[in-house]
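In the two complexes that follow, chain A is the common piece, with chain B as its partner first and chain C second.
Entry: the complex of A and B
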């Protein structure tokens, strides 16, 4: 680990793990996932965030190749297949660590899930699900709901239903485009967030920028989820 | 570490394989046949398995069980539609199917255990050591109940099932080992009763499954049924005969349909023949491959939907697939190959024997578990979403389908009423929105300390292990106490039932061994009686009348012993007879030598 940012992440991980002792030989465990003295696998701490688990800084742009090779490396370290001849405790740890690793990989691999996860880490849960349409979509969504209701009540074989279906299909395309636009917006926020992280400033200004990015990210993510649910509903109705 | 074998427990055939210095090999039995037909028959001499049992399909259809894999982890209601095809009687007890064989009923895991035991014996005889550990394969699309039932079968057979692995992924291990393939591969696995598609990424020894899909009720059996139905209709039209009233002929028809199907993979036309009951003579019918394909096309079509879904879940298009691998006997059908070729746009691979490749892969996985192979690692997924029933009968998904296993999810539970002491949890598996449309896996009651509503906080962890089997743990967040959960499976055997079946199987095993000894002794005695009687008839004049009398008396003593139940008595009387007939044997040998020399030149003799 020679790069500055990597060094930073590695320090943090050591800090988080330094508090624990080896479950087997009680010697202090520092740094990695295996005890230095007895080489037994250690349970990954529940406090360890997914970025640290992969040895990555808390940045939103991630090199997929690097993520994958780290995932494979840790899979080889934790997977239950390699603990068949080990003690019951080690098997339990291997199972728990593997399950955690798989969740971490799944979360970090997908940009949206990664952003939601980071927001959760930095600013608390994001799961407040929007119940009213975002302001810029208000009219459009209300109209769509009417069309959907009309379609549901219609005789599916009638010409009228056919026309409604065509309208809904074009509405679907519009909303899906909207969803993609929001994903592009999120990607742009990734750049701003990472630049801020890389500067590593602790100024008032930096803090304000941080809060701004997180708020924007929260709004877009929440709008995107809302639109995605509408699209899913739409697809299910016209299927 | 004790040796671990790999077992492919198939719908039609089963195999056992082991790792021989880095190369997986299947273990053949007598006549060099590696496949053990997955058939169990109850005969007058007890239960028999495999090839000899298969002969009873037409002789004794009501007491011969085949395709039992279709019933693993199922209730009677699940298989209602296909009951008409099976000549044996199915009942149900505690949500688990029971198969009637004579006076007794057996659960599908018990029948499967008999097949597993046959494989175990075969491996023990071949390897010359006791086998107690195995990796067993299941269709990738098997749900939790079906996997658990397979594990139960292993336990009943006296095998510790170290891992349940998916058939298509096992096949990929065998292929990967052979070719050191890299890239994205699709494994299309159409077996006797099940269909799976798995999309994998192979990189530096890691076999990462990206997505899997399938149909656990679609396979070669269904093709046979389609052909059998056609022949059945023809027989009815031609002879006014309803063959379905004759279970033995129905089995003959099914087997002939299967053979015709197999022949049509090579030939363009074939003739199906069947002896009809009541002296109505022999029915014959020409079948063309074209006709077979038009009949089977809808079934092959049904496999393509899951393929497209798997691609979609993996986020790939057919163009992204580097290699397509065919697994399972049904992929020998040219129609299947064509459709797979057309879907993925590339020639599918079938270098490894599609009947054996799954067992070979299971042996590779067994070697990974025993620490022999260390550079390969399989990362598989759970085929179906796992969730719990929430308010209004809706399923709330906790672990999505195609999540890499091991996988876990935590859910916090609390109470709605003051002093409430339990929370009922219903675990489901499936992709539908409503709980009732999904597979019920289990129900359990979470114990909660009596407190005001909303105060208790119980964290429940749902963990799918590397076998794809669910484990549930609960923790009281206030006290930190963990509680063990008694999970009652919806369609499975309880732990106590499995225990009892294990005990029963030991009893059967003792019975089986003595029965086998008796059968063998009787067979040998029968053969000796026949040859001795022939010798007396042919060469009695060569020995004294006293000798002949002694032989006759020993013969009748053996005949009496043979009708008894003591194999040792039979062996003793056989020895007596051989002793008594010794003079006759010697005399006949001399005589034949003498006669052989007559009329031959000296040069021909020396």
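Entry: the complex of A and C
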């Protein structure tokens, strides 16, 4: 595959798939998941990222319908049921491919998991970017935690407990609104990321914008986890 | 998974829970979080003549995170700034007998100590 290494990004998928010979007949594999010559199923490389596995570009907006139909198509191709009368090697490959496919589908289907996954893939450059803990949010969480403790220790039938409950309910509404705002922000970042990828520029500005988007995404996703945690605790406490 | 006796003890009888006023003389505040699990930890030290005379914490998280920060405040009291710098998360793991899945709680506590010390230093330098 020397000499092919500088091809376009769109060809990267084929390159990764052509990394090896067919495990069975040793001919070069050029098809996606099956050998052209002996038609045996080929193992999906562990290095293959989930986007490529589905034949998608590394974008954050995904057409759910397209994702689903590709998932069904590949599920049919790999499902262990269809390999019961095949060789042991083929059964193992079918099992491995199915497992990978399921994980890939679950990850890409959920926008938050998809974003986390993309961050993992692209992390190399963002690891060095230090995220500053959101002090205001932390103070708020710890304060709310105190109120929750107070409520837990209170006599639930008392007026004081009633007042605390009302306060906690309004806190809950505020926090849930905040969660929704964060999801909107994440959606906006999805758009910025995809647009940047579509432009495909290799300039200094493009790289800076890329790092900015990833860092903002990291921050929002982290903050979202903190808020989600305290909201869950709050709901469980006042239930 | 069962918590060790020491974790349970710190969880049931947390030492030094509470907080100091952030802008109080000689107070350093460390605020850290673990986005993976959503734990939040605030650890504060009060320093006089280079020695930590008091420490307080507030933690929102699992039992191990609470125990780690509780233990950290206990250890910090009476230590000089220099000695406090040397507290390692592995010391906390050992003392509390934390299982591998809870090691990140001790890392969080070490980060909180470092952040509190850095905050104290920053305030002291700016004077």
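In the analysis below, the second predicted complex is superposed on the first by the 212 of 239 C-alpha atoms of A that agree within 3 Å, B and C clash if a C-alpha of one lies under 4 Å from a C-alpha of the other, contacts with A are read in each partner's own complex, and residues count from 1 in each chain.
Here, a contact is a pair of C-beta atoms (placed from the backbone, for glycine too) under 8 Å apart; a residue touches a chain by one contact, two chains touch by 3 or more.
Every value quoted in this text rests on a predicted model; they were computed, and no experiment measured them.
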item	value
Which superposed partner A:22 touches (first chain B, second chain C, both, neither)	neither
A:228 touches, of chain B and chain C: first, second, both or neither?	second
Chain B versus chain C as contact partner of A:95, first or second or both or neither	first
Partner chain(s) touched by A:72 [first = chain B, second = chain C, both, neither]	first
Partner chain(s) touched by A:48 [first = chain B, second = chain C, both, neither]	neither
Chain B residues within the chain A interface of the complex	1, 162-163, 203-204, 206, 208, 365, 368-371, 374, 377-379, 403-408, 463, 465-466
Chain C residues touching chain A - in the complex, by the definition given at the top	31-33, 35-40, 42, 58, 60
List of chain A residues in touch with chain B within their complex	68, 72, 75-76, 79-82, 84-85, 95-96, 98-100, 102-103, 105-106
Chain A to chain C touching residues, read off their complex	133-135, 138-139, 141-142, 145-146, 221-222, 225-226, 228-230, 233
